[in-house]
Structures are given as structure tokens and as C-alpha cells.
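Each of the next two complexes has chain A plus one more chain, namely chain B in the first and chain C in the second.
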Partner chain A sequence: MRSGFLAKNPSVLWFLLILAVFTLGVTFLSHAYGPGMISTSMVKTLGKTLCLCLIAIAMDLVWGYTGILSLGHFAFFGLGGYMIGMWLMYERTRDIVLSSAGEFPMTPQEINDAIGTQIFGVVGGSDLPAIWHFAGNLPMQLLFVVLVPGLLALIFGWLAFRSRVTGVYLSILTQAMTLALSLYLFQNESGLRGNNGLSGLQNIPGVSANQDHLSVWFLWASAVALGLGYIAAAFIVSGKFGSVIRGIRDDEARVRFLGYSVEGYKLFVFTLTAIIAAIAGALYYPQAGIINPGEMAPIASIYLAVWVAIGGRGRLYGAVMGAAFVSIVSSWFTGGRVPDIPLGFYTIQWVDWWQVLLGLAFVLVTLLAPKGLSGIVDLLEGIRSPKRHGAPLGPDKGAFREGEAQE
Partner chain B sequence: MSDRVIGAQPGNAQLEVSGISVTFDGFRAINNLSFAIGPAELRAVIGPNGAGKTTFMDIVTGKTRPDEGRVLWGETHQNLLKMNEAQIARAGIGRKFQKPTVFEDQSVTENLMMALKANRSPFSVLVWKAGAKDRARVEEIAAQVGLGDHLPRKAGELSHGQKQWLEIGMLLAQEPRLLLVDEPAAGMTLAEREQTTALLVELAKTRAVVVVEHDMEFVRRLNCKVTVLHEGSVLAEGTLDHVTADQRVIEVYLGR
Partner chain C sequence: MRKFLIALGLLLAFALPGQAQETGITAPQAEAAQAQITGLAAVLAEYSKEIAKPSRRTIGPVIAAIAASGEGASRFLQAYADKRVGQRESDGAFFIIEKKGGDYALSDPATGAPAGTAPKSDIKEIKPNSGVRAEIGAALVRFLLSDPDPKKRRDALTAIERDGEASHLEPLRASIPDETDPAIKAEKVRLERLLTIRFGKDAPERVAAIESFGSDLGLDFRATLNPLVATTRTAFAGAPEGNVADALKPGRDISKDEAYAMLVAAKIAPARISASEMQQALAAHVEGGQVGGLPLAAMADPAKREEAYATLAAAGIVPQRLTDAEADKLVTDHQYADIYAEPDPEVTTAADAALTRVGRTVAAMQTVDLGLDALSLASIYFLAAIGLAITFGVMGVINMAHGEFITMGAYTGYVVQLFVPDYTASILIALPLAFAITFGAGVAMERLVIRWLYKRPLETLLATFGISIALQQLFKNIFGTQARPLTSPPWLDGAWTLNDVVSISYIRIAIFVLALIFLALYLWVMRRTRLGLEVRAVTQNPSMAASMGINPDRINMLAFGFGSGIAGIAGVAIGLFAKVTSEMGQDYIVQSFMTVVVGGVGSIFGTLAGAGLIGVLQKGIEWLNPSNTLAAQTYMILFIIIFIQFRPRGIIALKGRAAGD
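== the complex of A and B ==
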């Protein structure tokens, strides 16, 4: 009770240690800084995985700790990616326009028109839409990474929480928001190149380094963001604020009668996690190189919930373990490196069957091992679940189940 | 003791409820009910099942909105009907539920810390740190409700009676000026009941306490003014002996 932040959160030091060892290990095995045992595309995959771990932490805060099963956080992730993608694409196109112009000087208007034609030719346009007004301004676009998803979450959350929509209805509402946003972006009129999305994001304007080096730098940036995100999340959940949001998860009416504005807390957590998700997205898409509205389809947000469930919700390292494990195994299965299984009458091809396996794993974890991968940690430390004869820890829908809690 | 029996004078009541009515799907749960309690008064509310006791508490705490009537609070006559549950709780009304409701996944300390009177806004809670004074206060309350040795335990592990006590402790930590207590003695042993009685009487010296109770023996020990509810309105009010002598009360409640 009297101990400090690290003593209350022993997982923070372990987490930072493992993250540092991992990052250094990848760095010195990469093409850029080592013998090249890890390919550049693998470095990118690992860097992207770190970003997915960061959004999983956001999901764990909002679902595992506050009990709001949001199926919309990948929309914020994608929006963050779009905001940084606009700058990357604009600046790169500007460089191309300027170099092709060669000796001939161009007026700013001419440059702008040429960029518009370059970027929007693919959707049959040539004008830069108004939302691209600040695309050439990195500080503004970085601000938008935080502001645009943050404002969307704030407005959406305010509308949803003040009418006291909870449980499955709130999940449906968040999913509808995600779907609407994704469908909107699919239209060419949205001004973000419709289903083509933004591409060429792996090239950083003004940086002459090759992809071997860039991929490692992004890995570092992602690792730093994940480390900071973990520390921030641990700070949030370990104090009284954490008590209040866990109280909201298990029994929100009781929290209200203690004088806490439940709606205010939900809105705070929802918006904050949307911003974390957006930052994760802004780091992810330059490594992916391309973003399109399909990335924001509701299925992505459902995957996010699956990762957190498989890792074990309500603890930060669980979310990270789930996201890392599932996405690495997923890229292994879908990368075609797993041998097919010939059954004689049918051949199981893992590229297709991996999803079935994942679905099955989700069902089994939910039914048999509610703690997910975190249960392994508890097993090693000898922590059991309380014996409650099946009673959950609170009356609310999102409340911890008996098997999820620690004694 | 005698001034407690006289009760609230009109005009200086801590809580003043007048003419409230609530209908649920045609069922009149509260029918033109008026009720007042002074700033330092203990009051027992009794009545048969369905008399509207819990609905009355729901209205005062903001969970249910009445169809008509007024609920005024404190010296400034704040209108409670315009406030939500959290605002009403912050204004100084604490509620103890019939079934003990504590946060079972959290320790006794965390439960009490959360209830401790402090700024409730998310930003200030985020940076809030328990000072030496807060820890001392939590330990003091825990000792007061007999949970001094159980601070690090999770609330879910406590016995039924201990959970009741923890909830009472959380109410104390909130430092409310009105306490609404729903059947505090339910599921308690005789010794625990006596302890509860003493605590409630003690608390009512500095604040208003309303106890809803079925158990007549318990009410007798509280030795306070009694309000009898029936079909959503006040049937009788006075000392326990006075109301139990009332013919109508005998008919609807005690006679059964």
C-alpha cells in the first residue's frame, strides 16, 4: 500500500526488459545493423506487431478494465494511419513533381495542381480536396493523428454514454460507427482515394536512408511508443482511477452511488484509448506501406477483441501477449510457410484454415481458460481463481467472470 | 432523545419530500407521499412488501424520477429531481443497499479509498495519491467496522456480514449528511445486529439516517421515530408504541 509505482506494477520492469532485449536482438540481427539473419520484411512485420500490441493495450483498457466491448477501435487506428499517410503521400509526390520539373521553376499553384493530378488521377480527379489543406505540414498532420480520432471518439462516446447505452447494444453501436466510416472512405468522394487508399507510405520524404535502415528505425519508434503506452496504462490502472474503472466494469450503478460520474469516466477512457489506437496506427501504416478502407472494416476490431481475450483481459501484459502471439502465428500460417496437411480426400491449406483455427482457439479459451495466455503466468506464480461457485464478480454484463479473477 | 422523537420542524428539514407519486405500468408505487427528516435525526421506515420503501429510496437517490412532487435538499433547498445519481451522492446522500454491494474484485482498502470523500472528477482522480491522512482515515474506518485486519483482502472473500460492514464503512468514508440504509440487519447475527444498532444511533447524532427495516425487534432497539408506509403513502408516524397501537397499522401490517 505504501509502495511505489514499480512495486505495485512488477510487470512494468519485466515488460520493458523483454521489450528492450527484443528490440536490440532484432536490431543486431537485421540487415542494417547486423548479419542480416532477420530479413527487412520480417523487421517490418515485427515492428507492425509492436503497434498491434499497443492498440491491444488500448483495447484492454477500454474492455478489460472498463467493461466497454468496443468494436470500433480499429477505426481510430486506421484514422491515425490516414492522417500520417496524407503527409507521407503529399510530400513524396511533391518531391517527384519537383524533380520531374527539373530546371523549370513552378509557381506554388502549379506545384499544388501537379500533386493533385498525381495523387487523384487514379480516382479520376485532379484537385486536392479541402481536407488535404494541411497535408504538406507535418506538425499539423501529426496533431491531426491525435485530434481527428480523439474528437470522433469524444463526440461518439458522448452521444452513446449519455443515453446510457451499455453491453451488447453499445458494441453494436461502435461497430455501426466503424462500418459507416469504412463505407464512407470507400467512396472516391471522401477525398482519400476511395478503395485505393493511400500508398507508398514506406518512403519517408526527406530521408535518404534505405528500407533496411528505415524498418529498424520504425521498429525502435514502435518499441518506444509501446513502452511508453505500457507505462501510461499501468499508471492509469494502478491508482484510484483504476479502481473506479474496474468498479464500472463490475457494477456501474454502485459507482454512481459513490458519486462518480460513470459517463464521464467512460468517455475519458474511450477517448484516451482512441488516441492511443490512433498513435499505434500512425506508426503501423508507414511500415505497412499502404492503407485502405478495408483495414478499418469491423472485422479488424473484432480481431482486436479476440487478441485481448486470448491473451487474458483485465491485465496489460495479457493484451500484449495475445496480440503478439496471434499476429505472429497468423503471419506464420498465412505466409505459406506451414506445410499443408493432405487428408487424401481434402488438403488442409493453412492460408484458408488458419481463420478457422483462430476461431476455434477463441471459443476454447473463452470456455475453458478465461484467463487466456495470462493463465500461464498465474500458473507459474501459483495464483488461483477464487472459488465463487460460478458467480461473476459483479452484476454488469462486462463484469469479470469467476475464472478471470485472481484470488 | 426526546428531540429526536419530535423530529424535523417544517422549514429546517435536511430532506423534504412532498407530494411525490410514481406509477409503473399503471401500478402506483408511490402515492402522494410526503416525508421530512431533520439534519441530525434517526428515522425508521417500515411497511409491508410493496409499500414503496425501496422506490422511495430510489427517488431520493435519483435512480427513479417521480411523475409529480418535489424533493428538496439541505439549507439551500436544492432540487434533487434535477440531479443525477452521482450528483446527488456528491451532494451528501449515501445509500446502503439491501444486498451488500461492494466491489468484489478489489481489496477492502481499494473499496474504502474509492469511497473516501474527495474530488470525483476523472482528471483529479487520475493524479490522486493516497496521503498519510487518507491511509489513516481508511484504517480508522476499517477498525470501526471490524475489518481492521482484513484491509489487503479482496472484498469477494469476505463473509456476508463482513461485506455488510464494508459497505457501511464505505458509507462512512463518503461522509454523507443523509444515510439511506436498506435492511441493514438482514443476514446478521445477534451480536452484529447490536453493533449495527449502536453504530446507526451514533451516526444519527451528527447526520440524518433513514433505516428501512422489516425486523420490529431491530426497530425497537433503534428507539426512534417511525414512519409506516402502506400502498405508497404514509399511514402513520410517531414512536414505535404509538404506531403499533394505531388500528390501521395493525390491520395492514402487524395483524398479518
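== the complex of A and C ==
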């Protein structure tokens, strides 16, 4: 490496600086460590936004850099949430069972039965399914956060890439996978409480701190994960590996003819991003407090692509900007804090019309501003697009358009 | 004297219920004889003593005489059986009575005309006992079964069908030869055989009745057989008694716990003290941190609990608990069997065999039914996907808003029905209107968005998704979130029923026909019209087509509009049986893409095959696990993902230049 990592990735330093300032700012304005100008629920929203930024980075890696429009990454996000949610719910129920029992000690079987009844009574069951075997074991469940989505992505990716499914077909296939997974989890027989999902995740077993403190701690954890994720992603895309995956995005056949194992690279990126997504999910759902299969519906994954596209794909800071911007603006609009616009004959209530605005804005961004929000950065920096007479960078479906590329 | 003889004849007829013929002959004779002399009133006067103090031995001839007396007889018998007959103390006349405050409202038994009221003290209520009432009921049945009014005969049959008794069999048999209506006669014969299965006098007769049905699919036949083969599980100290269906061995057919529970139920063994009872007993005897000599903390171990309990039991503080070994010995020392409720083994064997036979036929018919279900599901998917077959299959444009076009069509139907109350007319208006509206929407979308992204399918996907969420919210804002009705015309209500197993609703047949029409329309447009020729030319090679004088912009616009328009019509059809909500399109979009991809992009017959495959598959999986349609969808999608591995280009893959890339 002739020039240093930071010199090649000036955005990393800026990003970490902004992230640190943001985190400290929120901390010292929160209820727990400051005057309480930011409410606890707001801290949670911000913490969740950081997690969404992390999964947006994963999406950017897989779509913006490798050209695979995956519509399934929210499934991995949800799976990660489920894995940590199982431990949280099991341990919490265990605490409840033990505290409600009398002084007469319970046998392990009795404790298990009581937990099963508590958790599964709502879906008419009382037995703990086999997949809950390790639910009381935190290290195992943390391992599962990485392992289960990782393995799923590995198997699915291997099947898909090896039969050279590309472009739109791959998108539809990943969407089908997400749909299948969410439909599966919707069943009571899946052993994860069907459409009730897992709840009460905001309480951390064994931690007596109140939600004011917990929310800030989770914000820190999310910020650390986001920072590390950003650095890791920047590291991946800045070296030779990054050049290869960008090559795959723009002209897969040429990269293959140069002797690279295109399938191997794709599989690596797909699995790695699935793991990043799962970690983001594992941090997100304890802050949300509840997870259900509806969160993993195909539409969520398409929204993820929308965030990245609005932020500008193919740049890590673009993905973060897109996710943060859309989710914060979205919660602003849907929270009913935007004043209505009376037109005389009709009053536009933004709670109802925000979705329409978002959809149309997204169409406009796709058509007119391929760089998305990152275009503003380029404008300030004076970076222009190359002149290619309208031709994209390569023949592949996921290749950069002329307007997306930097000179 | 003559009357006495007739009555004697009738008595004989009743005393020998087996001789149906004889009764059949005697009844009309009696009727003729009675009609000459009297009506009901005379009969009542004649037998007033027997009617007032009815007993099972003497009532037979009386009922026969009443039954033969003509007008009012059935009314009187019905009232008699219902204990609504009273005798006036003053003159001994009979009336049908009805309580009215403290008095009785009287009506004449023969004519039914009101006959004033009488104070309670003047009237003696007649209360026949249950044996007499049964006799009356049988006579009433005979009476109703040969009533001149076919509707009454049919009602009587229905009543017997619902609630048959042994006493119905004879009158039913007697009424068959004189039945004039062939349909009712067939019903009577069938009912007679069903009653014979249940109440026939001996096993050969009942078995013959069972055999005569063959593998009849009727629910009534199965409903008659099922109670015969119903079994109860019982434990026996020695060899099983009764009509044994199946001997059960603990550990193989039933678990040892079940066997023990049966022993408890048969009062052979005492109920065991359960684990939770033991726990409670132990918890009640904690003394100084110790239970039964063991520390309280050790109670988390089940073995230690047993030990502590044994100590307590030995001391006589708690009742003795059977050890596992003792319980095991009890279980192995006894025998267990399923016992038929029906005592006759010949009958149960025949019934079992008949049920197996019927079961096979039912399974075959269910397969046919499942096939019809699958076909109708396939036509729904085909209908939803055929628009995509044009926009995605032919033009290669991913339109995520396709589902919203389906919704748009359905809402068009809803709005038309708001203005046109006649359902047939409204559907006929809605179909072309939905096509026109979604055609317009499709053309607008193509002009404004899609044509800028023709080489960029992934961007098209996302941009059309943006349109999709905007449209969805727009529908919500306009029509609200609740489901809107789209009512089908009355001639589409109901179902075409082949037998008790196979049936299909007319609306599904209509959708099947609609799918066929669209297939034909598509083939005609694409293969026989100028537009189709130009569409194919433009999709194969736009620049070459342009140099031949075709305007690719115009063709793309029209083709996209055509595909969207078909989605609109599909929306009307789907809305007829599904709920019309702003999200209904979402339910079909992924499946529609699957249909096109599985079938093979660019081939309409591929789409057809894809729809067929998905329909059959989904119904097949649902049949394996009928309670769970979600699981069926899950496994179907998994199957499709794996299928794509082996045939990435779908069932019917285009070859050569037509395949494009």
C-alpha cells in the first residue's frame, strides 16, 4: 500500500468524527446523562436509525459495489433480531418464572415447562421447540446471530450464483426467499410465536438500569457497530478486492475472463453483508422492543434499496446519508408533526400523503438524480460525472450509469 | 259387529309388523268401510273409553281406526301424541286443547275449527304414556308417508332421515309399493335400506342392506355406517369382551401412560399421584428447611423428590405413591382393546369393508376435486400474470406496480357498482372501463418513467416500486383501508355440484373461462395482428424494426398499455371473489412474477405452464397439510427457488435469437 488507508478513504475520518460528535451530543442531551432535552423514545429512534445506517452500508456493498440488487437483506436483519430476541425473551421469562415461584425449588424440567407455557401460551402451545434449545445460553445465541443468517445467505447465494442467476431474476429470487421466510415465520408451528413475534425485548435480563440509561447504552453500541462497519466496508472496497467487485458490477464477463472467480467474490460479499445486516438487526430489535414476521416482508427490503438509492449508491457515506435522511424524515412526517396544508376543498394531511410523496420523490431521484444525496457532496467537492455520451460504465444490469459515476 | 271385525283385522296387522303387504291391503279397506259410515268424530265416539284411558295393549285398533277416518286424523293423532287432547267431563267429547290463561281454548278435532273455551275444571287432559305415544308416532308416520300431498310425504321422509327410529321401518316399507311419485319412491327405497342397516331384524338382512349400497358416496350412507364402527377403548382384567375391533398392546399401540389412564377409568387401578401433587405435598411438609430428611435445596432434583416423598409416605404422613415398577406391572397384567359399539361382528365387518370401499371412491373423487381447485387457482395466477407476460415477458420491463394496476381494476368495478345497481350490467361496464383506465395508467407510466430506463431493469424495478407505494397510499386515501365489496351477478352465485365430494363454484368456472379467453386474445393479438408483429419485431431488435418504418416508441407504449389493461380486467375478476383492498395487488405480485419466471420469460405457454405448476403445487401441498395455507406457500416458494436452479430459463425456454441475451 503506497498511500495510507485513511488517505485513500478521506470519508472515514469525517464519518467517524461526525458519528462521535453525534453520539456525544445525544448522550449529553439525554435524560440519563444530561438535561433531558432529547426524550428517551427519541434516543431509541436515533439508535435504531444508526442500525438502519449499518444495514444500508451492507446493502450498498452488495448493490452499489457488486451490482447485486438483493431484495432479501431485511430477512437477514430480521433473523439476527430473532436470534437475540430468543435469548432476551427466554431469560426474561425465566426471571419472571423464578421470581413468581415460592421458596420450594423447581426442577429444571418444571422451569422449562413454565417458561414454555409463558412464552407459547399465546399461540396455544406449552412446549419449547427444539430451536429454543440454546435460548438460555447467551454466547450460543450471539453466535447464532452471525451463524444462522450467514449460513442461509451462503446456501442461497451458492445456489443462485452457481446457476448464474443475475440481474432482475436474482432480485425476484431474493424477494421470493424473503417472502418464504416471512410466511414461514407467520405460522404458529414455526416455533417463533407466529404473527405475535417476540416481545418485551427492551428489558435486558440481569441489568437493573432503567430505560433512560439502556437506550443510551444501545445508542453507543449501535454507534460503535456502525463505526466499525464503516471502517470494515471502507477497507474492503478500497483495496484490490474493491476493484474486483466494482468490475463485477460493471462487466462481470470481463472480470471472469481475467481469471477471477466471480461466483466466489459474489458469494463472499453476499454472505458478509448478510452477517452485517444480522448484527444490525440484533442491535435494532432490543431497542424496538418487539419483532414480528411483518418486519421481514419483502417490502422492507425494497425500502432498503430505496434508502441506498436516495443516498446515492456506490459510496458508503451515500448509503448512510440515505438511510438516516429517509428514516428521520419519515418519522417526522408520519409522527404528525408536519403542519397540514389546507387547500380549501381538501386538507393534505402528511400522515396520509407522506407515502405518496416518498414514492414520487424516489421516482424522480431515479430518473433525474442518479447520484442521490451524494450528488450534493460531489457538487461541493467539484466532482463531475465522466462524459460517456449516455453510456453506462459497463454492459451489466447493475453497472453504474453515466450520471452515477465519478470522474 | 262389523266394526269390531275390522278393528280386529287392524289389530292383527299391527301385531304382525313383518307382513307389510297385509297392512297395505287392509288399510284402504278400512278406510273405505269407515268412510261409508262416519268421519273422525264417530270413531272418537266409538272408542271414547280407550282414548281417554289409553294403554299400550288396547290402543292399536283405536289408532288404526283413527288413522283411517279421513279428515283431521293426522291433526288429532299429532295432538294426541303431544298430550294436547282433552275430554269434556260433561259429555265426553274430545277436543284439541290449548292453554289460555286459566282456561282451555278448544278446537274441533275433525275440522280444526275453534270450539270456544272451557274452564280448566271442565276438561280432563289426556296424557298417554310413552309406549302409547310411540304407537301413535308410528301410525302418524305411516299416515304422513302415504299422505296425498307429496310435500307432506317429503317432509315426513326428511324427518325420518334426520331422526330415524326402529318403529319407522315398518310404516316406511309399507308405504313404498303405493308410492306414485318416482322421485319420492327412490328416496323411500334408499331410506328404507339405510334404516334396515341400523334397525334390521338380523345380521344377514343388515349386511345385505350394507352391500346393496356398493361404494355409494352419499353422506347419509357414511353417516349411517360410522356409528356402527365407532369404538371405545377399554381395559380388561381377563380376555376382552364384546365385539373386539382391535386388541391393543401397551408400548406398541398405546403408551403406558394411556394404558394406565384406561385402568384408572375402568376402576381397576387407583389414580396415581401426579408430579405436581407430589410437589404440593412436599411443599406442605417443609420443616426447618428440610423435607423428608433431605435439604430443601435438593428438591430441584426429581430423584431426590421421590426419595423425600417415599420417606414421608413411609412415615404415614402422605398417601403411598405407586412406584413406576408397580404401575408397570399393573399395566402389563391387563388387556386393552377397542370395542365396537355395535355388538354384531358380521355387521361391523361388512360396515368396515363398505367404509373402506367408500373411502377409496371418496379419495378418487377428492383427487378430482383437488384437480379442479388447482385448475381454478392456476387460472387466477394466469389471469394475474398474463399482463406481466407482456410487460415483463415480452418487453423485459419489471413493473412492480403491476399489482396496483390489478387493484385499480378492482376499484373501478367497485365504483361502477356504486352508480349501476344492476350487478350483471355493472360487471359488463366495469370490464372494458377497467381496461381503459389501466391502459391509460400504463401508457402514462411508460411515457413518464419507463421509457427513460429501458436498458436499466434494476432501476425500472425500483422506480416502479416507488410508483407502487405512491399508488397504494393514494388508494388508501381515496377508498379507505377497509375492504370494499365487489358483488358478482346472481347467476354466478352457487356452485356446480357433481356429488357430495366434487363441487366447484360458478365464479371459479367463470374465471377459468376468462383465463381461456385471455389466452386466445393474447395469441390472436401477438400472432395475427399488425400490432403483435410490430411488438415482436421491436422486442427482438428495436433499431432494425425502426429502420423498417416501425415507431418503437409507439409500439412500446401500446404494448405496455395492453399489458396493464389486462391487469385491470384481471383485477375486476379477482375482486369478485377476493376482498378489494388497497393491498390486494401485493398478494399477487410476487406469485405473478414467479409464474412468469418459472414458466419461461417470453412465452405465453410458458406462463400457462408456470401457472399450472404453481396452482397444482400449492393445492397439492395444501392437501398434505390442509390446516396451513401459509406453509403451502412457503414450501411452494422454496420449490420454485430450487426449480430455478435446474431450469434457470423456466419450463419453456426460448432458444436462439428470440432468447435475447
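Just a few scattered comments:
The rule we apply is simple: the second predicted complex is superposed on the first by the 405 of 407 C-alpha atoms of A that agree within 3 Å, B and C clash if a C-alpha of one lies under 4 Å from a C-alpha of the other, contacts with A are read in each partner's own complex, and residues count from 1 in each chain.
Basically, a contact is a pair of C-beta atoms (placed from the backbone, for glycine too) under 8 Å apart; a residue touches a chain by one contact, two chains touch by 3 or more.
Since this is a predicted model, take the numbers as computed values, not measurements.
Once the two complexes are overlaid through chain A, chain B and chain C fit side by side, free of any clash as defined at the top of the document. When the two complexes are superposed, the chain touching more residues of chain A, out of chain B and chain C, is C.
Judged by the touch definition given at the top, the superposed model places A:Gly206 against neither chain B nor chain C.
Touch criterion met: A:Gly394 reaches chain B, while chain C stays clear of it. By the touch criterion defined above, A:Ala405 lies against chain B but remains apart from chain C after alignment on the C-alpha atoms of chain A. Shared-chain residue A:Pro10: touches no atom of chain B or chain C.
After overlaying the two complexes on the shared chain, residue contacts for A:Pro339 are found with neither chain B nor chain C.
By the touch criterion defined above, A:Gly259 lies against chain B but remains apart from chain C after alignment on the C-alpha atoms of chain A. In the superposed pair of complexes, A:Gly247 makes contact with chain B only, with no contact to chain C.
When the two structures are aligned on the shared chain, A:Phe268 is found in touch with chain B, with no touch to chain C. With chain A used as the common frame, chain B approaches chain C to a shortest CA-CA distance of 6 Å. Chain A makes touch with chain B in their complex at residues 1-2, 236, 239-241, 243-244, 246-247, 250-251, 253-254, 256-262, 264-265, 268, 386, 388, 393-394, 400, 405, 407.
Contact residues of chain B toward chain A in the complex are 61, 63, 84-87, 89-90, 94-95, 97, 101-106, 109-110, 113-115, 120-122, 125-126, 128-130, 135, 151-152, 154, 156-157, 170, 174. Considering their complex, residues 69, 102-110, 156, 159-160, 162-165, 167-169, 171-173, 175-177, 179-180, 183-184, 186-187, 189, 298-299, 302, 305-306, 309, 352-353, 355-363, 366-367, 392, 397-398, 401 of chain A touch chain C.
Those residues of chain C that touch chain A in the complex are listed here as 279, 282-283, 286, 296-297, 299-302, 305, 398, 400, 449, 452-453, 455-459, 461-463, 465-474, 476-477, 586, 590, 593-594, 597, 628, 630-631, 633-634, 637-638, 640-642, 644-646, 648.
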